[in-house]
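In what follows, chain A forms one complex with chain B and a second complex with chain C.
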Partner chain A sequence: MKFRGKLVDVACVNHFTRVITTISKLTKTCVLRLTPDNLFFVLSGKVANGGVGMWCELPQANFFDEYQMEGVSSEDNEICLEVTPENLSRALKTIQCAKAVKVKLTRKHCPCLTIAAELPTLSSTSRVVTHDVPVDVIPRRLWHEFKEPSMPDFDVSIYLPPLKTMKNVVDRMKNLSNFLVIEANLNGEMNLKIETDLVSVTTHFKDLGNPPWGKTSLSPGSRDPEAMAQARVDIRKLQQFLMGQQVNPSKAMCNIVHEGVVHLILLHEDVSLQYFIPAVA
Partner chain B sequence: MDCVVTGGNVKVLAKAVHSLSRIGDELYVEPQEDGLALRSVNSSRSAYACFLFAPLFFSRYTIPSGHAFRCKMAIKSVQAVFRSLASLEKTVEKCHIELEEQKNRLTFTLHCKHGLLKTHNLSFQDSESLQAVFDKDSCANVFRLLVDAVVHFPPSQEEVTVSVSEERMWVRNHVEEEDQSKAMLTELCLASDEFDHFSVQTHNNVTFCLKELRGLLMFAESTGLPISMYFDEPGSPLVLSVTDSVLEGNFVLATLSDDTIFRSLVRTQTPPPPPDDFMNDDIDSYLIAMDTSIAPGPSASGPPTPPLADSLCQKQPAAANHRTRSYIDEKEDDLASSERPPNKKFCSLFFGSVLPPSSQMNTQLVTSQEVLASDSEDD
Partner chain C sequence: MPLSTQSQPDDEQYVLVASMDNARNLSNILKAISFKDHAIFSATPNGLKVTVEDSKCLQANAFIQADIFQEFNIREDLVGFQVNLTVLLDCLNIFGGSAVSGVSTALRMCYRGYGYPLTLFLEEGGVVTVCKINTQEPEEPIDFDFCTSNVTNKVILLSESLKEAFSELDMTSEVLQITMSPNQPYFRLSTFGNSGNAHYDYPKDSDMMEFFKCTKTQTNRYKMSLLKPSTKALALSCKVSVRTDSRGFLSLQYLVRNDDGQICFVEYYCCPDEEVGED
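Moving on, here comes the complex of A and B:
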């Protein structure tokens, strides 16, 4: 197993940092899958983490200037590591001005992802800072848990309003209730609702638009455009997702499986982030 | 005592108070012949700081004649006088500090723009003189320190280890042995030519609290003064100082004693250390030769067995690990109440003059503990 990558462009370092910081806000630990072409940050939707799942895909070529890896074997040319994104984010945050950043898999006191940065100085020699972030190598027999989740067979897909607006709404609602009902239809309408014994609050969004997902699953006429699909979710999970947002997505979408799952997708040129929040009864 | 600070010096004074507040809860004020001394010490007596403002720092400086006066007061109340540093610079024209001995009050009067006067009357307690015993000139290693050395460490980081060779200085986060497997290790390598002054005689590692260094850095950054660092060997105090023609600040910090340092030293030696990770481009030297098989269980891919040096160091006697806290805490309950000592393993610096005169107890302590701040004064 070998891995070594180098980032030289300040914008790339910055972008990479923001992606990882976003992920660090979503989960304490996750799995980093390294393949020859991509980096994946994966959280599989287990009961232990409240059924929340995450899948984030970064094409390595868009970030790394040099990227060398050798997986466990030639047919399974991958490396799977359990990482703490918070640590990675912390390490990267302090080296935003670096001339070059290297990320390597190393064997120190334990397996580590070593982030080494060359910082500019006034003197002739560079200042070097290294962060050794401990990781766990995941054996191959567990890899099957970290495959890309299949697109759920959703009832409604809708573009999200500006995430900041949504965050403001959800932040206020969180003071009133622990659960939030998110509902949407194929007419570009989405509602965020809370209901308690004392109060019911609904925020209506309209003209959001529905993404065209091929013709098959959502052929017009197969579903009443006015009919709402809804899911009741833990409001903290949704808030977490909105709070940690640092990617500035060019597209943000939400797929709802009626009383099943809320599937949030952020797309930003090269990066895609998917987040699954299970519905609760 | 009657002194007046004007213009930019008000901010310098304010910054000094703020950085002293990082050390302890009380401010010891002592007007001396050679200037106004502001001091602070932490509750576990492992860190001490002193600023001495020369008479020239003030536009007026008179001290009580005849008898020595000194007092202490809650540092929070003095901080409150200089609360907003930003507006201080813009609005305050001069600061007048006056002692009203009849009323037992120290009065801070801020003369602001538009004739606005802000008066703070602070009550104080009498105090003994507070003076750490240290001698920075005898330290073997001297550096003029860089300000941005600490940004790489998270605010929660308590201690750092500094080690030196002829050409380089390394700053690492100090991690307790038991947390090492999961902790992130950060190392900053600085070349000697980044320092104004770099003199090394002994290749030592010292571990000390970052909090106080941050306090002084805050002060140094705002005043643009370089920080000099003096240290000797593990267990003996490390001195950080800033000097200017009209002021001098010294921060004296206890360092972890030898046995614990040894472990963190081992950490750096376990993989044969390349000059540094960055320069070395040879990928193969870093590779992990770990599990490549699907079988037989998670143990196959578990963390690699610790290198020899690691297992060796675990056999070190843990005897010296547990250190008693200075008994001063108990004696001075006002100090002890506020905060736990930052780290029990730190030795106490002893302040000869502050100690109650039970000399026997003092010497007992010195002999029974393995390593103490070496500059302690025997009564």
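Moving on, here comes the complex of A and C:
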């Protein structure tokens, strides 16, 4: 099992840091899957995580200048590590000015991802800062838990409004309630609702548009465009998702399985992030 | 404009309809009195008065005159109800309530009458939020019986000068002592904290002092914990009038200018903590 990669471009280092920071806002721990072509950050929707799932995909070639890996075996050419994204993000944030960053899987007192940054210097001696971030290697027999989640058989798919607007609304609603109902239809309308003993609040978004796949996957005309599909979710989970976003993605979508799950998808250039929030009764 | 078209046909059913282009003009002034959850709303054709009280010793009133609203329709002489102020402020700021220029939240506030919720329609950038805040039976606000005729001492200061003093006040002191006098020290704030006593004196001919009329030397103590919420109003205001009456009751009136340059008032009444003998 071997892994080493090198980032040389400042923009790549920044971008990589942003992605990791976003992930660190979403979850304390997750699994980093390394394959010859991609890096995946995965959180499987287990009860222990409150049923929240995450799938983030990064093509290695868009970040790394050099990338070498050797998986567990030639047929299972992958490495699965349990990481604390917060630790990675903290390490990366301190080396934003680095000329080059090497990321390596090492064995110190425990398995570590070693991040070595070559910092700019005025004299001839080079300055290298090294961070050892402890990780856990996940044995082959547990890998099946970290496969790409299948696209749920959703009732409605809709584009999200600007995430900043949505974040403001959700932040305020969180002050008022613990649960939020998110509902949407195939007419480009989405509502966020809360209801407590003191107050009921509904925010109406319209003209959002529905991604084309929604219409093809559902046989056309099978669903009343006005009919709302809804899911009641833990408002903190949605807030976490919105809080983590560092940049406005080029595409943000939401799929709702009526009273089942809210599936959020963000596409930002080369990075895709999927987030699953289960509905509660 | 979705707000107006949406609710106009129902207007007859409401006893109170008030709307404004910038919800911040309401939320900012309500923030100045938000130290307790319960707020008593009294609307008259002149405008809206919102009252918050604490411990039967402190009362804060915010006055929002009818002309601050773009529309203010009231069908009765007096409409009163009580709502949770924290909830109301969260609703008014649902879109973030930021001061970004060019972006403002339009507000339309409707009330159907006894037993009905206070309904807010808020709109920003084409997104509409509808809030229904449950109302309660309004409590009778305490009458502090503070009459202009009983005022013994009065000063008007630019808030700037008082902000500085309040930001440096020794909060370990349980009380703030206010001395007002026709003679030296004219206007003095004193604290008695862990690290010693402190006095802030304002000369009566200072540029900061806009008005000075003290007829009698008066020294009164007020609980710091009660006065603390008034700093929220102070922060927003440009002028403040400090008055005491013959019983030692304190009245603080703040003149607040909103985003559109209009003027609103916030006032605080506070009971004295104890009688102080002549030192």
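A few notes on this one:
Heads up, the rule we're going with is that the second predicted complex is superposed on the first by the 276 of 281 C-alpha atoms of A that agree within 3 Å, B and C clash if a C-alpha of one lies under 4 Å from a C-alpha of the other, contacts with A are read in each partner's own complex, and residues count from 1 in each chain.
Here is the rule we use: a residue touches a chain if its C-beta (ideal position, glycine included) is under 8 Å from a C-beta of that chain, and two chains touch if they have at least 3 such contacts.
None of the values given here were measured: they were computed from a predicted structure.
In the model built by aligning both structures on chain A, chain B fits alongside chain C without clashing.
Legend: residue contacts after superposition of the two complexes on their common chain; A:90 is shown touching chain B, with no touch to chain C. Within the superposed three-chain model, A:28 lies out of touch with both chain B and chain C [touch as defined at top]. By the touch criterion stated above, A:2 is placed in contact with chain B alone, chain C being left untouched. When the two structures are aligned on the shared chain, A:106 is found in touch with chain B, with no touch to chain C.
When the two structures are aligned on the shared chain, A:206 is found in touch with chain C, with no touch to chain B. By the document's definition of touching, of the two partners only chain C reaches A:198; chain B does not.
Once the two structures are overlaid, the count of chain A residues touched is higher for B than for its counterpart among chain B and chain C.
On the chain A superposition, the C-alpha centres give an angle at chain A of 70° between chain B and chain C, rounded to a multiple of 10.
After superposing the two complexes on chain A, the closest approach between C-alpha atoms of chain B and chain C comes to 6 Å.
Residues common to the contacts of chain A with chain B and with chain C across the two structures: none. On chain A, the positions that touch chain B within their shared complex are 1-2, 4, 68, 72-73, 84, 87, 90-91, 94-95, 100, 102, 104-112, 114, 116-118, 121-134, 136-142. Per the touch definition, chain B reaches chain A in the complex via residues 151-152, 154, 180-191, 193-194, 267, 270-271, 276-279, 283-284, 286-295, 297-298, 300-301, 303-304, 306, 310. Chain contact summary for the complex, chain A toward chain C: residues 161, 164-165, 168-169, 171-173, 175-176, 197-207. Chain C contributes residues 84, 86-87, 90-91, 93-96, 117, 124-134 to its touches with chain A in the complex.
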